[in-house]
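What follows is a group of structures, each given as structure tokens.
One chain, chain A, links the two complexes that follow: it is found with chain B in the first and with chain C in the second.
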Partner chain A sequence: MALVTNGNSIKDILDMIDGLKEDAVAAQEVLVDIDLPSLRQIASGVIDRLGGSLQFVFAVDERPGSDGFSLHHVFGISARHCFLHVRSEVPTGSLEFPSLTPILPSANWHERKIADMHGLIPVDHPDPRRLVLHEDWPDGLSPLNYDFDASRPVPRVAGEYMFQRIEGEGIFEIPVGPVHAGIIEPGHFRFSSIGEKILYLELRLFYKYRGVERYLQGKSLLGGVLAAERISGDETVANAVAYCQAVERIAGIDIPERAKRLRAVLQELERIHCHLADIAGAATDVAFSAGAAKAAILRERVMAINETVSGSRFLRGVIVHGGLRRDIDNGASRGLLDFADASRNALNELKSSIFDRSSVLDRFERTGALSKSNAVDLAVVGPVARASGIPTDARIDYPYGFYELYPLEIAVRNDGDVAARVRIKFDEIERSLQIIEDALCDIQSGDICAKDTSLPSSGHGLGWAEAPRGLTLCWVEIGDDGRIVNCRWRTPSFNNWPALPYALEGDIVPDFPLVNKSFNLSYAGNDL
Partner chain B sequence: MEALLQRAIIGIGHVVLVLLVSPLMVNLIKKIKAHFQCRRGPGLLQGYYDLWKLLKKDAVISEHASWIFRATPYVVFSATLLAAAIIPAFTVLPPIGRVGDVIAVIYLLGLARFFTALAGLDTASSFGGMGSSREMMISSLAEPVIITALFVLAITAGSTNLSEIISSSLTSGYMQPSYLLILLALLIVVIAETGRVPVDNPATHLELTMVHEAMVLEYTGRDLALIEWASSIKLMLLLTLIANVFLPWGIAREITWVFMLSGIAAIVIKVTVLASIIAVVESSTAKLRLFRVPELIGGSFALAMLALILRITGKG
Partner chain C sequence: MLKYRRICSPKPTIKNLDTLQEPTMAQWMPGLIGACCADCAHCRDICPTGAIAKDQSGELEFNYGSCIACRVCIDNCPSKALVALPSIYAATSRDDLSRTYVAGGRGSDTAEKEDHQPKGKSRAIKIFAKSMHVREVDCGSCNACELEIAATGNPIYDAERLGIHIVASPRHADALFVTGPVTRQMELALRKTDAATPTPKLIVAVGSCACSGGLFGNTSVAGAGVDQFVGIDLYIPGCPPSPQAILKNIIKLRG
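Then we have the complex of A and B:
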């Protein structure tokens, strides 16, 4: 349950958070209503004095039930293990809200997405171009507003995206994508380079908009699980867990211990296969095919285990609000333990085949270094943040489920380069194997789903999980009829994509694919 | 008259051998690499099937392309094949008579490269120009190495003719310090010139990292077949050159059927061994960062230069 309070100065909020320290830890979501004009002041206070980071900004169209839009800023306050959910009202008749981007660069894409989805205008935003909806989308059609008619096809209009122009002697542009030679998701990259050196990279993504958030309006809670699992293929479990935990927090459902443990097992399996695919990709990108094959073989073993455990290679259809839909029986869990044991050797062998090779190290080290200050400013999450020296991990910062009581030590490295990111992934696979063993070794038999999953009343709340790519956040609002009224998502890729160009400072064009691979960002997960 | 017929048979046989064996060598490398990746890999004949498939297809050509783009596959293919025809493979006799020497080989390969680079620029695609610029950077470094290395051989043999060079290495021996140095230098340059790992990666799908593949990205159908075939011939001819100069065993010194057949067997075996070495190198190393390539080729140039000094001062 979220704690609700009113506050219009940062002092009120600080006092309140200090006063509610113990409860806040339990609640993990502190909801504050503020007046829109004091937003900037409060935001900078939260960042400076509470050490928070702006993780998620979204708007909700409150019409026709009430007037106008509500605006939600979610700050992660890792020191207090809670999220500060700051809610404000955009005044009736007005479509403007103050942009936080000039003081908090991490607000950039969130605010542009709100502009596209609701037609709201972030005032003083330094880059008010379209983001999610490209220029062929007609003006004035806002897909998340109540008056948008999703049943009719949207007409296409003429329009041109204006790329940032870098001009000067010897500078040329290299456009890449959105269609690529390999089997990659669509994304356009516009390099301004001088010789091979990258001067500037502009990302143009969002070719995969499916209207997930719109689709979810009015869906049943189970429909929400199915959609969550399909936001991004290799984040199936993490997104489903985030969504289900939001629902469970709203309904006050406490899931059984066995379900908590098995959910952790599933999440770690997902982390392992996702990281192994990344390692294989990084080796492929430096043309070290033998190492790539080793990683791919190991990943395939994980996928096969996934299938025996859950019936799905991507672990779909297992998680549901209240717990699990399918148990992992003793035979399968013994198989998992044997697998975890056997994987350690294979993993060490893979690690040394990659990191004992100077030609590979020469490509990985000092390539694509993301500085800690840039990572902090952009609220970067997940392994990318941990490779740049930021000890952030939702399993520790905002503990949930099995991790609440689990003594997890996260891996942090400081170099911020490709080597650091690949090493972090190896470290995390080792820890994930350990978590699987610890979760399964003394697991008790029992229920896998809470008996009573009915909803006491309508409500709204945040849910989160540490996906392989980092913190994934969702906000769910449930109506009196027990159906979803609104749902908003912020996957880790949405926070991490804007950091990619900063990691490329001083790098050369042919190193871009490797750096991009080491970030491993989802295009679909980024573009609901 | 009979001598003329003999020469004609040798010449035609040589060209047919090069045409037929070269796709096999490229495929052999793929097969060995697949083995290192725990894969089965394509069948050994896959290279021929691919060429046959491509040759039957129409080429799609950009409407912005000029005659250079259309002419390039033919120029590249014929220049490379002619260069291959100059290098003795299974007999010490010059296969197509004394029409050219090592310098002609270098220039013919240069001609092919020049046209490939122009064709890369011609369609004005973003990757073609990038590939051309990288190819020119690499070849401007690699060419001096080849020239220097071949000069060492020419000074030893007293001739730039390849038959004389091979004969000289057969008679006066190849276990000389300068020969070992240029063997190393040439092996590095062959890898660079044929676009193999660690200089280039022929198997990549990442356009931004490509060198040779980026230049020929726009080619399709039979044009692509000619380009692919030409690059496998180039690999074959460079490996033949190394095989016959540094390991001249088994090459036919007399024109009899027995010598010829054993000569053919010898060159196929030697080239197979060299191609396997390339495959092992490709499987055990990562591709170099682009700006490390000059260091590698610079090293091979130093080796070739050292060999030249040793040779001129008469110490090796």
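Then we have the complex of A and C:
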């Protein structure tokens, strides 16, 4: 359960966090109630003095039961292995809250999303345009507010999205999407370029906005798992684990050791197939089809293993709050160990076939470099952050499940370019194979699901996991009837998308697909 | 003179697709096979997409277009009457995606051996029997369907050898593979892509979201399936349908 406290100065919070020490590992979520006016001061204090990063901002419509809206800022404090959850109330009758974007650029999209979803106004936000809802959405309809009827069609109105315009002699715009050339998800990219050089890239996403958070309201806990599995196909396990851990933390459920280990195995299998798809994509984008074919064959082997282990190529239908819905039998475990053993050679061969080739390196190196300072400012997560020299990984920073006691060494590189990101992915696949072996080698038979999964009372809490793309976070609120009242999601792609244009500075338009692929961003997870 | 015939592979059949990779169980869609159903309504209550219903004549109707293969009904059936079907149901009309079983009765003793044969709809389908250029349009899927469509082109399934080629523009396409429930913000792009695709054309709904709206569909921001917006020639349900299921049904449809 979260530790709850009041505090209105950064000193209170610092004192409290200092007082936590080892306790923080057990709590991992520290909830602080503050007054809205002190938000900026506290936020900058948390960043400067605790080394925190703003990971998640969301609002909750507390009407009609209570007054107004509550505002939640979640800071990751990796040095203390905990999340600081700062809660404030938007005063009744007011729809305004102070924007943190001028001091914390990572708040940008979060605040614009809150403005769209709830009709709240981030005061002093440098870019108050809409984010999630497109221009044909009528003003005044806020899809996450209680008075919005999600079953009725919303009329379309005339409107125009104002792209940032870069003007000058020889500058032209290239619009791309939302339907792209490859088999990828929809999004619109507007390049302002001079010759082939990209001057500016503007992202226009959220074509896939499905209303996941709205859908989850009032759903059963199991319904929440099924929805979490379908937020983003290649993050099925990670999102399900994040959601289930939130529920387990609220209910105080301790899952059996076997389930912890098998969840780790499933998460690593997912990481492997996601990274391999990515490596295949990067090889395709530099026209190295032989390497792409090798990676695709290896990935297909993982998908086949997934199907043997779980019945689903995307490992769906296995994870549930309390543990697992189905066991991995000994035969499948042995198959997994054989697979892990046999994959190493294939992986090394693939790695050398890609990195021993000057035509590939010529495209990979110094392309799409994301500087460490930009990555820090935008609170970038996952392999993208690790390739830019930030040693962040939820499995170490905020350890959970099997990883709590596992001596994981994460791969970090400093170049920040496509080559670094692809190398990181190879390193991580190797480690994932090792984790699978370590988790399975001395696994004991036993229960796979906690016996008592009933909820003692209503409550709310954060859940997280390290998805293949980085830290995925969700916040779940459960009501007295044992159903979901509210659920908010922040998948790693939501943090990483805004960093993409910065990585492209100075690159040429034909490099965009490659850089985009090396970031490996999920549109579905971002758009929700 | 070169002998091209030797170079080309023999006409691909469904049989040699089956030998590629044996799935353990097709798509995890539930059905009543062999066991006795107690007619307890548990499956109907628990289904997250309402894919199981009871019609007026008292028969249990399974709508595979809505099924997201979550296996919750199979896992929770008190009389263990529900099992995963070994076949993949695809159809040329949405109604054909449903199957009925006698509630409270005993299911058929054997699963249908052959997959449901989608009926050929028009002359257009025959035109693409040997070569079909495909454009994929994602209208709000979770990206699993995209990954599986992309996987049809990998060296294991190798859709190119079947004449199925992914193209970059709808202008070059004979067929559109559409995924997702069609979100409000993708509707216009879908309509434009459809209009940009020259006729004759095939439009295939890939995945349960595209067939019926799936889990997140049928709200103010997401539609209830692709056929609300454009005409569909083939529905391939699944969450997601495997690359094998996609290819098999395309080959069957075009003959």
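Here is the rule we use: the second predicted complex is superposed on the first by the 528 of 528 C-alpha atoms of A that agree within 3 Å, B and C clash if a C-alpha of one lies under 4 Å from a C-alpha of the other, contacts with A are read in each partner's own complex, and residues count from 1 in each chain.
By definition in this document, a residue touches a chain if its C-beta (ideal position, glycine included) is under 8 Å from a C-beta of that chain, and two chains touch if they have at least 3 such contacts.
Since the structure is predicted, the reported quantities are computational estimates derived from the model, not experimental observations.
In the superposition on chain A, contact is made by A:182 with both chain B and chain C.
Touch criterion met: A:153 reaches chain C, while chain B stays clear of it. Within the superposed three-chain model, A:293 lies in touch with chain B and with chain C [touch as defined at top].
When the shared chain is aligned, no partner comes close enough to touch A:408: not chain B, not chain C.
Between chain B and chain C, C touches the greater number of residues of chain A. Contacts of A:233 after superposition on the shared chain: chain C is touched, whereas chain B is not. On chain A, the surface patch touched by chain B in one complex and by chain C in the other comprises residues 181-182, 293, 297. By the touch criterion given at the top, residues 173-176, 180-182, 196, 283, 285-290, 292-294, 297, 357, 359-360, 362-363, 367, 508-513 of chain A touch chain B in their complex. Chain C meets chain A in the complex at residues 21, 23-25, 28, 48, 68-72, 75, 84, 135-151, 153-156, 166, 168-170, 180-181, 183-186, 189, 193, 214-217, 219-222, 239-240, 242. Taken in their complex, chain A has these residues touching chain C: 134, 143, 148-154, 178-179, 181-186, 206-212, 214-215, 222-223, 226-227, 229-234, 236, 277, 280, 293, 296-297, 299-300, 303-304, 307-308, 311-314, 316-317, 325-326, 522-524. Listing the residues of chain B that touch chain A in their complex gives 33, 36-39, 126-127, 130, 134, 197-198, 201, 203-209, 282-292.
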